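Labels for the chains are A, B, C and D, by order of writing; each one numbers its residues from 1.
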Amino acid sequence: MTTPEVKSIDKEKIKDILNDKKGKMKLSLFVCAHCGLCAESCPLYRAHDRNPEYMPSYKVINSLGKLYKKIKKLDRNFLEEIKELIWKNCVLCGRCYCPLGIDIPSMIALARGVCRSQGISGVYPHSLGAPEEDFPEALSHIGVSEKE
Amino acid sequence: MIIAKVKPLEEIKDMVKDYPKVLNVGCAGCTAVCLAGGQKEVDTLNTQLNSSFKADKVSFQVDGFTVERQCEMQFLAELDKIAGQYNAFLSMGCGAGVQFLAERFPRIPVFPAVNTSFVGVNKDIGWYEERCSSCGDCVLGITGGICPVTMCAKGLFNGPCGGPEDGHCEVDKDIPCAWVNIYERLKEQGRLENILKIFPARDWQNQIQGKIILEPYKKRYIK
Amino acid sequence: MKSGSNLEKILSQGKFAVTGELGPPQGSDINIIKEKSKHLRGMVDAVNITDNQTAVIRMSSWAAAIVAIQEGLEPNYQMVCRDRNRLAMQSDILGAYALGIRDMLCLSGDHQIFGNHPYAKKVFDIDSMQLISMVKKMRDEGKFLNGDDIVEPPKMFIGAAANPFGDPYDFRVFRLAKKIEAGADFIQTQCIYNMDIFRNWVKQANDMGLTEKVYILAGVTPMKGVGMARYMQKNVPGLDVPDWLIKRLRGVEKKKQASEGIKICCEQIEEFKEMKGIAGVHIMAIEWEQRVPEIAEQAKLLPRPKV
Amino acid sequence: MYDFIRGPLMWAALVIFVGGLIFRIIQMFQLSKKKERIFFTSTSSGEEQRGGDYSPEERKLRWLVSFSNSIMGNYPILTIITTIFHICLFITPVFLLGHNLFLYESWKIKFFSLPESLTDIMTIIFLLCAIFFILRRIIVPRLRAISSFNDFLLLFITIAPFLTGYLAYHQCFFNYKTMLTLHILAGEIMLMAITFTKLGHIIFFFFTRFHISSEYSLIPGSRVW
């Protein structure tokens, strides 16, 4: 539902939110060994035929990781991009396992906090204005065909 | 999902009229899914409050902040930075969220903006129906997946009572009789004997405030 | 006069009232009630008939009350909010009044987890405060809770309980004020052992002018022995049994502890007679009714005034 | 060059290594705070507190459940190889005869050393495991999706000391002296890399899995982020 001309985003506010928890988040991103062991613990990963985009570390690296990296040149399109990753691919159930004990849910929550501060937030398939075609795809994995 | 419904605007206005600066805390969990307390509803309520109070010439300002879930302290912690600037909170989370928010900020009055109604299902956009009253002792396995405690108006365990006509409850013709449906479904599944024997009086579990500490974590919290 | 009951007459004439307590049996044997009534006749102005005390099933309070009437006692019909919803309560009040019961005590009732059916579904449709105002509305306005008119409204003399020892202490007197505003005519307190807290509570009630608006009866329970005292200290909710009492009971050998308990109880009654704002005493000698005559005698409460 | 890496660079590497570890520890303690513990005395509402007295079948079931939920249950091969990899990674350099001789020569500290044939085999096993990791990072789709150049670079940084050490010991390619220089250089780079790269998980693992109280903490953690 983005408006035609791309609204600018309040970079200062984003910086505040990110810097507030910079220590812990940067350390976690830094120490992640990219070992891929968090995958199996994510219900959506398994429910989407182990598609790498549903792996917790993938979601974190491509949302919060990029937010910290591109903190200078952020724009609304980028936030729209990661919106899919941290809302559609993740329900923040908080069960991701990391052998090193990295707190993955708090990282996804921070990325969501940043988006939400700019008015961008996940649209549930069931709320008004949700693209209908979004919905059948989410049910395909459990064998519910279109007509049912 | 927990289903809630926004309180009437007048009732909310009446609660917060004496507080010049209010923070409206939204919840992106259940109340967002049932279109009662998500970020969009927070913005809608804020606009209504601001314009209505301006019309009444009352100095009032409400800001919005939607946290991930109000039932987890780590997400309520996000409010610590800004909580001090407000005289009161409005919370659009479910009853549990409102109380957890109040626990975290005991000196700031917290007002509920939604009425938590039931544990239910999304029949369609904006249409929600109760399915579970969390009685703590589930018998759905016996009644073919239809809950006698919730779906039967009298909560009978050896139903149906004398009241149902052509499948709907005596209370309201739009409400299907749970026990008629239980009968049909069990008959289809060939498990009718489940409701042929007498169901004994129940030990009601949800009589005091519920608390669950899972076995593997008991040693962390019970000395 | 509100209900014209014997208790109301005595209290309104400023006489020092005495009420007792009778626990119906856990069965349907009327003779047990008759037996207990024999001890209480002529010793008390009214006798509380408990309603499933501590959530343990007993013969229903109004039935035992009617038997008590037949035995020449004035029953004080207790009603708890745990077991009945507002429909059952109002119909029971009508029935009780029709059969001659004139006093009522409105209680919240102990949680069913204390009783012998811990997993029964609780009711608590209305709480004790709302029950008091409901009975008052039935009496003074002649209306049911929903506003419908009552043909021949029941005129009950409304009683309520008060626990000066419950947490938070300083709120207890305001709760008393609320009960008076709700419509309570007389108050029977929880059994008193910690006299200091009770004196303070009565003083606050006097300062707030509450004692003019309601008759307060101080509750006492004579201790049978150290065992009972320690049990009451640990298990009974909202009861403050101070240690000096247990020490004093332990000071006397086993056999004489019962009479020592009664002695303490009589000392308390003596003090209540002089205490400003106290209109009477409520002797709760549960399962010890046979000693009530001795207490009444020793505390010089006899003979009971005929009004 | 040789003297440079034996002298100042070695000290620099040690200082950066130890300093880095200490800095990380302090940083983590600063980032987290003590968890205020609320203890319940009784388990009310009828939930009885289960002691450890499980019957044999229950015990077997409990073991089966925890095994199938563990990473060993989900990724058995990877877990075994990682365990061997880490054992060789820590044991080989510390109990290597060659290292301990140098140590004795310069600081007169006598260390227990494993037989050279054993450390040799362990180095080979280590290298095979490392190759497994590299191949895995390329073949497995989910890893390819998140692997960057740094991951591969770091794998080589970790392999280099073992490879050069092995070649130096067996004196194959260049003459011994050059290979030894390369070996020492590789070792020092790896030590420093621990502070500046994700090898920092040495400390992070022990801190978070043992101190931070979470679902997966190995002991009831006493701190929280």
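Things worth noting here:
Note that a residue touches a chain if its C-beta (ideal position, glycine included) is under 8 Å from a C-beta of that chain, and two chains touch if they have at least 3 such contacts.
These numbers were taken from a predicted model, which means no experiment stands behind them.
When chain pairs are compared by contacting C-beta pairs, A-D ranks highest.
Inter-chain spacing, taken between the CA centroids of chain B and chain C, is 40 Å.
Separating the CA-averaged centres of chain A and chain C is a span of 63 Å. The geometric centre of chain C is 73 Å away from that of chain D, both derived from CA atoms. Here the spacing of chain A and chain D, counted between their Cα centres, is 30 Å. Under the contact definition stated at the top, the residues of chain A that touch 2 or more other chains are 106. Annotation for chain C: no residues touch two or more other chains.
Shared contact sites, meaning residues of chain D that touch two or more other chains, are absent.
Which chains touch which is summed up as A-B, A-D, B-C, B-D. If you check the complex, the residues on chain C that touch chain B are 111-113, 118-122. Touching chain C in their complex are the following residues of chain B: 202-205, 207-208. Looking at the complex, you find that chain B touches chain D at residues 205, 208, 210-213, 215, 218-223. Only residues 27-28, 30-31, 71, 74-75, 78, 137, 140-148, 151, 198, 200-201, 204-205, 207-209, 212, 214-217, 225 of chain D touch chain A when the two sit together in their complex. Contacts from chain A toward chain B in the complex involve residues 20, 92, 106, 109, 112-113, 116, 119, 121-122, 124, 126-128.
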